[in-house]
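Letters A, B and C mark the chains as written, and numbering starts fresh at 1 in each.
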Amino acid sequence: MEKENIILSVKDLVIKFKLRGDILTAIREASLDLYEGESLAIVGESGSGKSVFTKSFMGLLDGNGWIDSGSIIFEGEEISKYKREEDWIKIRGKKIAMVFQDPMTSLNPLRSIGKQVQEAVELHQGLKRDEAKKKTIEILKDVGITEPERRYRQYPHEFSGGMRQRVVIAIAIACTPKVLICDEPTTALDVTIQAQILDLLKGLKEKYKLTTIYITHDLGVVANVADRIAVMYAGDIVEIGKCEEVFYNGQHPYTWALLSSLPQLGVKGEDLFTIKGTPPNLFYEIKGDAFAPRNPRALKVDFIHKPPYFDVSPTHKAKTWILDPRSPKVEPPESIKILRAQWEVVSHG
Amino acid sequence: MGKSIVNKLTDSINEDLFEFQEYDEEEAKRGGYSNYSYWYSTWKVFIQNKLAVFLLILMSLLLIFTLIQPYLPNQKSPTEIHINQETRLPLSNNPPDSEFLFGTNTIGQDLWSRIWSGSRTSLLIGLVVGAWEAVIGITIGAMWGYIPWLDRPITEIYNVINNIPKTIILVLMTYIMKPSLYTMIIAMGLTSWIDMARFVRNLTVIIRDREYNLASKCLGTPTRRIITKNLLPYLVSVIMLSIALSIPQTIGYEVFLTYIGLGLPVSIPSLGNLINEGRLLMMAPAQRYQLIFPSIIISIITISFYMMGNVFSDAADPKNHV
Amino acid sequence: MIKYSIKRLLQSLFTLFIIVTIVFLLMRLLPEEGYFGASYDKLDEQQKEAILTSMGLRDPIHKQLGSFYKKLLEGDLGQSITFRPKVPVAEIIKDKIPYSLYFGLAAIGISLVAGVSLGIAMAMGKGKMWDKLGTGYVVFIRAVPAAVYFLFLQLYLTSVFKLPILFDIDKPISWILPTISMSLGGIASYAMWIRRYMVDELNKDYVKLARAKGLKGRKIMIKHVFRNAFVPMAQYLPATILFTIAGSIYIESLYSIPGMGGLLVEVIKRQDNTLVQALVLIYSSIGIVGLFLGDILMAIFDPRINLEKKGGAR
């Protein structure tokens, strides 16, 4: 695993926003290494900072937000200090592209589909007019749009949600990026369409040799597409590891809670597991483990000190005091135990 | 199973801390959101705008002053013609002095009390028209949005009325009726409700179909509660806005109608009449104060209400609440 | 598109019909003295009755209305009563149109160019100097009655720049101030709308996507934001026409420009019912045409409008 090439490395990133005079800390010292060619999923509930975190890689934070400290190194270059638009232009699209959540609003309603894709082709592939148009039609075909020549001239309102998302993906592909960030790419779509879009993304990842980051709160999506999972809570990555490791052998109480709330993991006849309480208010300073107040098995230390990463395996680590040797043994919930039993089978044959 | 990275920081942590903390469900819930109150948040956003607060205080004082001014000591009647004791002639065009703060007009009336009397008239028109606009606009708008079979006919009526320039309707109505305070109020009230009705109609349609109201309906919330909790906050802010904005608007119309000769009778001091009287003298530098003083007062009143209305409508928008 | 235009046109014609009817009926409510002008006191009851009958005013109301429509279609707006007795209204107004047209169009042109530029500058530097100055200007113009600043502009600018106070057709320099004064309202409206719509558009997802695909800020502004903000604004074009109408009534009489606006003030003072009626109808028609054009413009720019009517594919 260490041999793999790190394409993006985030260290202790802190992102703050100013909202009506109050300062909100959206990302609290989050770190992440992204390997070339992998597919990483960032999961967490809404408001945990998933989108903000990835937007900072492209300098797309809203005007009232800024990187307070920490570093983002992309292909060996420190990009978190970029201030000018000219610097970011080198990254946006060209190196990192993004697919947004809601295809109904991510396209300009007043320009034809073709023009919007072609804009990216001309910008990043150095092609002009007819050549660019040919390339555009090729890409539209690539993302599964039938009759691309006719569709080229149509406007977004003539497309269904799934088709629009294909166009958004086409725009991202047209930029020929190295990293593709998919921000909840299927959340706004019908269940039947979701699988198609995920398959399409998987196929494109292979074809164009992309590194992909999925942002999602849907663990079903994760299982389908990701090599690794990063669990985000209140602006920090509390656990990260290979897909199976996090799924079957999760360590952080928040990961447990997240997994337990999956309906398919519920024990028949028992109430569905829900996470009690609400995520912390990011306007206040958070002390210790952010999840502690909602964790029924929290330790005293959780309320005072922020846990560091504890290695579970060379590829798996979690920020929780439970992993400290001094900690008393904490029993995971029933459903997690069942998963762990399966894990024994998966990992040891 | 886990191999920990133990560094100096973690070493120094007291062993005693590795004990279970008692779980408090209330504590878990408290972390999230503060008690949100619509009016409190609206107020909070409003007072963040220092200028708006200043204008609010200024306008409150001005409103009180215009109301009590006639009862203050040493105030003159706005219509009394003052006579020069020596010449027995009207004390016309007397420049501002300690006796007449803003001077007198061409026939010897006290400009100071005329301005306040005029402001009273104009504010009265504004408040009446604004309140009328709100009442009629909201009633028709709510019916328009809520009762499906009324949608078509009212939309057609709206299209017709909205197609006619408002100024022209005003001119026509005041031309046909006799000039008076009522004429003015009726003419302005005739058209003013239309935009409000449309706004409320759109709001009603949106709110009627919004998921959260559907959800509360499914949960068995009585309609009355939906209206008071979800609709009313919107409407109250809409009403306040319409009254605040109708003041500069009606003053503008009044000045306009007076200018083209369809205003209030000269016997009623109004801001429009004062401007018109001042205009006739504006080429004589010595008497220009008769235009300047009313203009300044009009500008202060209209700008203040206009800005307050806008700041308030921003503040009342939940999107701007933290 | 064509279907939509026809539908919209029919709607406008219907509105016009309603307005003509209402105006006609309302004018019948006016006291009858208005039809005699200065000769009223000299006539006895019988003569008055005879005159009213000859004018068709003793016919049943639906018959009067019918002949009114018929005359309107022939371009006959009746005769002036007090302003220039017995002269056909159409003839009086015909001479006035060129002046109103020139000042109206010039004012709209200036407001469009200046207002849109100001609005763009404000939206691009949101919260900065231009935005603050522009907002101050917009608030002032929209809040303060036009008569107030029109008067002060006439009073002080004419003396500062040594401009003539009144309009003189032979001195183009005397045209400047009225034209600029008339544009002020339009500039404020355009600046306000363009700014508002651009700021709205800037917060939309597609702008974020355009940024994410690496488009430069200025290009996004021109290719996406401005274009999209201009579409909803197109329907406000007629609103400036209305603004200009109100402005022209003031300005033409303040500067003694022999146009329709000045005429309206004049004939209202002289209680010339037929002329008031004719001018009210003309102004209403201008308003209707403006709104019609605004909607058509909007349909041309926005591909969604005509297709949504057909229920286009989703």
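Heads up, the rule we're going with is that a contact is a pair of C-beta atoms (placed from the backbone, for glycine too) under 8 Å apart; a residue touches a chain by one contact, two chains touch by 3 or more.
Chain by chain, the UniProt names read as follows: A = ABC transporter ATP-binding protein; B, C = ABC transporter permease.
Note that the structure is a prediction, hence the values are computed from the model and not measured.
**Student:** Report the connected components of the chain contact network with chain C omitted.
**Tutor:** Drop chain C and the rest stays one piece.
**Student:** Which chain's centre, taken as the mean of its Cα atoms, is farthest from the centre of chain B?
**Tutor:** If we average the C-alpha coordinates per chain, A ends up farthest from chain B.
**Student:** Determine the chain that sits nearest the middle of the structure, using the mean of its CA atoms as its centre.
**Tutor:** B
**Student:** State, to the nearest whole Å, the distance from the C-alpha centre of chain A to the C-alpha centre of chain C.
**Tutor:** 54
**Student:** If you average the CA atoms of chain B and of chain C, how many Å lie between those two points?
**Tutor:** Here the centre of chain C sits 26 Å away from the centre of chain B.
**Student:** Round to the nearest whole Å and give the separation of the Cα centres of chain A and chain B.
**Tutor:** Roughly 47 Å separates the two chain centres.
**Student:** Taking the touch rule as given, give the residues of chain C at its contact with chain A in the complex, in rising order.
**Tutor:** Residues 204-206, 208-217, 223-224, 227-228, 231, 301-304, 307-308, 312-314 of chain C touch chain A in their complex.
**Student:** Considering the complex alone, what residue numbers of chain C touch chain B?
**Tutor:** 11-12, 14-15, 18-19, 23, 26-27, 29-30, 139-140, 142-148, 151-152, 155, 242, 245-246, 249-250, 253, 264-265, 268-269, 276, 280, 283-284, 286-288, 291
**Student:** Can you list the chain A residues touching chain C in their complex?
**Tutor:** 58, 60, 85, 89, 91-94, 97-98, 100, 102, 105-111, 119-120, 123-124, 155, 157-160, 168, 171-172, 174-175
**Student:** Spell out the part of chain A that touches chain B in their complex, as residue ranges.
**Tutor:** For this pair, the touching residues of chain A are 19-22, 251, 276-281, 292-305, 308-312, 321, 323-328.
**Student:** In their shared complex, at which residues does chain B touch chain C?
**Tutor:** Touch residues, chain B against chain C: 159-160, 162-168, 171-172, 175-176, 248, 251-252, 255-256, 259-262, 275, 279, 282-283, 288, 291, 295, 298-299, 302-303, 305-307, 310.
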